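The two complexes that follow have chain A in common; it is paired with chain B in the first and with chain C in the second.
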Partner chain A sequence: MRTRTWAPYALIAPTLVLMGVFLIYPIGSVVYYSLQRYNVTQPWKNGFAGLDNFKQMLFDDPLFWQSLAFSAKWVFVEVGLQLLLGLILALVVNETFIGRGVARALVFSPWAVSGVLTTGIWILLLNPSTGIFQELSELGIGSPGTSVLGNPETVFDALVVTELWRGVPFFAILLLADLQSIPKDLYEAASVDGASRWRRFTSVTLPHLKDAIILSTLLRAVWEFNNVDLIYTLTGGGPANQTTTLPLYVARQAVDSHNFGYGSALTVAGFLILLFFSILYLRLSKFGSRA
Partner chain B sequence: MTETLTRPPVNTPPPPRRPTKRRRRAVAEEPGKRWLIHVPLVVYLLFTLIPFYWMLVFAVRPTGSTQLVPWPMTLEHFDTVWNDIGFGIFFYNSVIIGLGVLVFVTILSTMGGYALARFKFRGQRVFLLALLCTQFIPGAMMLIPLFVIFKGAGLLNSLTGLVIAEVAFQLPLALILMSGFVRNISYELEEAAMVDGCSRMRAFFAVTLPQLKPALVAVGSFAFIGAWNQFLFALMFASRQDKFTLPVGLSYALGEFNTDFGALAAGGVVAAVPVVLVFAVVQRFLVQGLSAGAVKG
Partner chain C sequence: MRRLLVAVAAAALALTACGSGETGGDGKVTITFWDNNGGPARTPIYEELIKRFETANPDIHVEYVGIPSASVQQKYDTAIAGGETPDVGGVTTSYLAHLVGQEALAPVDDRINGGPLKDRLLPSLVETVRQTAPDGKLYIVPSSANMDIIWYRTDWFKDAGIEPPKTWDEFVTAATKLTDTAANKYGYTIRGGAGSVFQLITEAYAYSGVDNFYKGGQSTLNDKANAELVDKVADLYKKATPEADVNNSFTQMIAQFTGGSVAMMHHNLGSYSDVTKALGDKVAAIPLPVGPSGKRTIVPNPTDGFAVFKNSEHPDAAWKFAEFLTSAESNSYWNEKVGQIPANTDVRSAAWIDKAAHVKMALDVLEDPATVLVPAPVYLPQYSSITKTDSEPQYQKVLLGELSGQQFLDEMAKKLTEAQKEWEERK
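What follows is the complex of A and B.
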């Protein structure tokens, strides 16, 4: 049915133009800037720098390695927990019970909330003087004046829980959609054969969900790696750069220091790392091959 | 449902009420296992709703009050954020951007999705690959080059600029989703219409478009919510306060009014209500649409 008409090209033309100008050209220019000294505050120093930015990044910038390590930890913990809780939630709201529609709408709703708003809500909830820990301490649980966001020992946990609140519904929605596409007779056949609830889960549900799980964890991992708005507004990367991710570091180079050359080099590094691990992940997980 | 309410004539047997029966049977099937559903559900509902409730309480109780059941309620915080801090303007800006992105993403993704689903053309695979690759581009990391482009094009501090950037970033995924939706609609009716003398465009509008309605709702609301919540671009590309969007306004409220929790909460409610309402209405379409096979691409 290969056509020789111009119609498909006309239909995708606006998309191509937008992608070219706002996605592909910028990628090219990031690569170009990464090889330049380009600092808005010191324009007289601008010029070709070769690989100097990358040398500085690899050998002379502990914050690069620190932020990369934190990014890895952040992605691993967030995606793992979101997948686990999202799967449980999807299985629960896939069952039949009274008020299911309302329950679904409610538990999915944080998905629609922005990172900044999530920060606002959780700052209210966790504030030491009128937050939930204060109320609990009045009931005799915990100690009053607990500040989980100001304490270096608890700030990571607080950050993780806050992002879980917004992130779990994404997995729950995608996995629920996939659960609903499993033919009912597969379960009936398994039941007739005497399979237990757990057995039906491991031999019918999980294999069916495999591709959806691989795809959603990958998308989410990329997204969590690039997630800036929540961390930026909740901790600002602190205390003492403890929660600075690589993209947050880039954003700060761009917004605060106006060091576009070095920031671009960090961007290129982040992009390559992401691409490498995405391809590795798809290979290792044998995406698309049904078990 | 209404049929079961009307009294059946005396001689005929009552109409079968299958839904209720089936539900009862499901409950009766494994009575000991119901806690497996109820316990996690209640725990998760509390985890979801307590933060929302906290915000609502802070938004409507008077300054200085610490009651958890806020009564009497006050609207003073809404007055402060809407009129004094400027959330009225931020709200207007967010609505304009949200609707602009919704319209353009929906139209352009339908066009592109139709092209991918109904035609085979040279360069199709490359195009699809390019769309998928864009999903790995970190928005935060595009700030620097985009800033340079926007400055050169005079698009800083303009709502148009924010709409264009957001459309460009959302379009690839929306287009992939839309091509899945179009593929799920049978081509035969459309072909039949064309055999009967309709142009392809006419056939599309008369036959395929009406069936795409749930997909349009899903993709459009996706786009609206994404645009409504967009933060980094809005923060970087709009420095004038009259061009702030709600997330940007809120982020400043987080810093400046760190002690005025009432104002922060009221601002949060203003930012949350539209998206949460939109989402509550469309989440069913979302699950159905994704379930129809779009996930697998």
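What follows is the complex of A and C.
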């Protein structure tokens, strides 16, 4: 009998150890440093800071609010557009037509390209003297030397398009997988009842996709919120902080300025915001409950 | 928690630096040397010098570790925290104060004065190094200096029939004249992204002729003439420069110049091999243009040098190597290859200097008694966060016309004044 009491613990121990090492310890250390003054360039000032970092962040740092607002806009626009376009693409390649295999492969291919390559490709495409805009200007469209990433009026749109290229396939793959699990007889029954194509979409397809949509938008929202690679390599958060997201601002404070205490406080803020919205979203959408 | 982190980082580093301080069975001493700008351009130079050193000193073996310049400060920080510093390391004055603050380096004043390098080092460089340390001691032996200059296309200037500019007004005229936006040709390229403000500061002092970074404890950065220069640069943006310049880091800036779409570029001697490889003899260097005062003021670039680390188990062998690297022969070899100003004054008469026009030009400027050096306070621990993290995005606002040059400099000068005050109090 005794041997049975430790067996379950032994079985979950590896998971717990891994979670401890890769989740609890890092999160704990970030929380710890967020309450410290810790800047390697001024070690003599290091020490317990209490809530000073948070006070500075909330009341004395316009860039925190600016980057947070930009992050919110970025997540909202990106996830919304990716969901919409991904759903359309999934519906299209779910139909039977000649060349469907090729079409599917093409739709998914951007997802298979690594993040570094994606940004590399787009840096070349958007290069003012060799990229698309140079080609266009040679055809008489636009002016030569157009730099969409250097112009505050176009930089947001350029980034959105770039990230869409990489993000849409994610939704298309996920939704297509779920579309294929919808029993065909449901559609047949709906047709027999005289349901129009649109009605079949809203009454059969969408309810079936609900959980997949909730989960993928949530995952994607967290990823987009934490997106650093693409924006960092394309604009570095510029021009003039116009594309600085909260994680980019963290990187600048912690990595560039060596101000790890304040950077940790910013990270804690981002963590809490994400946690709050994730829980709220799952609650409101009643994730996992079959109506 | 911090200890564990440091231990992990140190373990990782130890893998790259293993063998440090070991004495072999044959009585041979092994020292580790960190090159602070490792890469295809510099590594072969050091490999050759190490070979020469080991031939002359068969009892010392040098282990070379090349570290990319972008991550070198971080590598030193981790090494110091983990107690795994090299014996000798390449260190520039831009992070020297930071290393001295962590008490990682051994002063080399006595060693220099007790050996062949005594009175053989360019006084202006020695002075720059001294000013960087709070106690005024020498923590690196200076080996090489760099200087901000304008690289320009000799062929474009010849075709347009204009002389290379000497004053800022001539510079603006030339940049405007050489611009043909329809043909994607521009007179100048501005560094608007990473690294922008350091270059801007050198331009501003070259123009204003203000001869000291601080006057009565107040930063002179927001001097009216400095602000005038900032506005003049911003005026050129998009008129005589590509629109993309606002995001330009060094990589993009030099790509525009070597790609042939730009007539003039402000950088330093360090880009010599990049520009000549691409443009051959169609490129030459001039000093930064002066302003209406006509005075020549220079904000010196970080000085390169070699440090002996306090933790070294073989400090004498380490110094021997540092001294060897700075000897006339090695120093001449290194600076000829890299195209920078040699710190060892005996190299002044080397034949290659007369052929390397850009080095000669820079040396002439440095040795001209009328030239005033205005060292930037790189010793301030906040210097990098003030001039880079805080100010680079603000400078982009200036370029985009959202902020005036004066407002921009006022903000930065205020922070630099406060940081200086704090530093004086700690001294």
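Basically, the second predicted complex is superposed on the first by the 270 of 291 C-alpha atoms of A that agree within 3 Å, B and C clash if a C-alpha of one lies under 4 Å from a C-alpha of the other, contacts with A are read in each partner's own complex, and residues count from 1 in each chain.
The rule we apply is simple: a residue touches a chain if its C-beta (ideal position, glycine included) is under 8 Å from a C-beta of that chain, and two chains touch if they have at least 3 such contacts.
In this text, all values refer to a predicted model and were calculated from it rather than measured experimentally.
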Contacts of A:P14 with chain B and chain C, given as first, second, both or neither | first
Does the superposition put A:G115 against chain B (first), chain C (second), both, or neither?
-> first
Thinking of the overlay built on chain A, is A:S29 touched by chain B (first), by chain C (second), by both, or by neither?
-> both
Applying the touch criterion given at the start, work out whether A:V107 contacts chain B, chain C, both or neither, answering first, second, both or neither.
-> first
Scan A:P43 for contacts with chain B and chain C and give back first, second, both or neither.
-> second
Could you look at A:L215 and tell me whether it touches chain B, chain C, both or neither (first, second, both, neither)?
-> first
Between chain B and chain C, which makes contact with more of the residues in chain A?
-> B
Is A:Q56 touching the first partner chain B, the second partner chain C, both, or neither of them?
-> neither
Of the partners chain B and chain C, which touch A:A240 in the superposed model: first, second, both, neither?
-> second
With the two complexes superposed on chain A, say which partner A:T154 touches: chain B (first), chain C (second), both, or neither.
-> neither
Shared chain A contacts, counted only where both chain B and chain C touch the same residue | 25, 29, 127
Chain A to chain C touching residues, read off their complex = 25, 28-29, 32, 40-44, 127-129, 134, 143-147, 149-152, 235-241, 244, 252-253, 256-259
Residues of chain C touching chain A in the complex = 1, 5, 77, 98, 101-102, 181-184, 186, 192-194, 242-247, 249, 256, 259, 261, 381-382, 384-385, 388-389, 392-394, 396-397, 399-400, 402, 426
Complex contacts: residues of chain B adjacent to chain A = 22-23, 26, 30, 33, 37-38, 40-41, 44-45, 47-52, 54-55, 58, 66, 68, 108-109, 111-112, 114-116, 119-121, 124, 127, 130-131, 134-149, 164-165, 167-169, 171-172, 175, 200, 225, 228-232, 236, 247-248, 250-251, 253-254, 261, 264-265, 267-268, 271-272, 275-276, 278-280, 283-284, 286-293, 295-296
Partner chain B, residues of chain A touching it in the complex = 1-3, 5, 7-9, 11-12, 14-16, 18-19, 21-27, 29-30, 33, 85, 88-89, 92-93, 95-98, 101, 103-117, 119-125, 127, 130-132, 135, 165, 173-174, 176-178, 180-181, 197, 211-212, 215, 219, 222, 225-226, 228-229, 233, 247-248, 250-251, 254-255, 260, 263-264, 266-267, 270-271, 274-275, 278
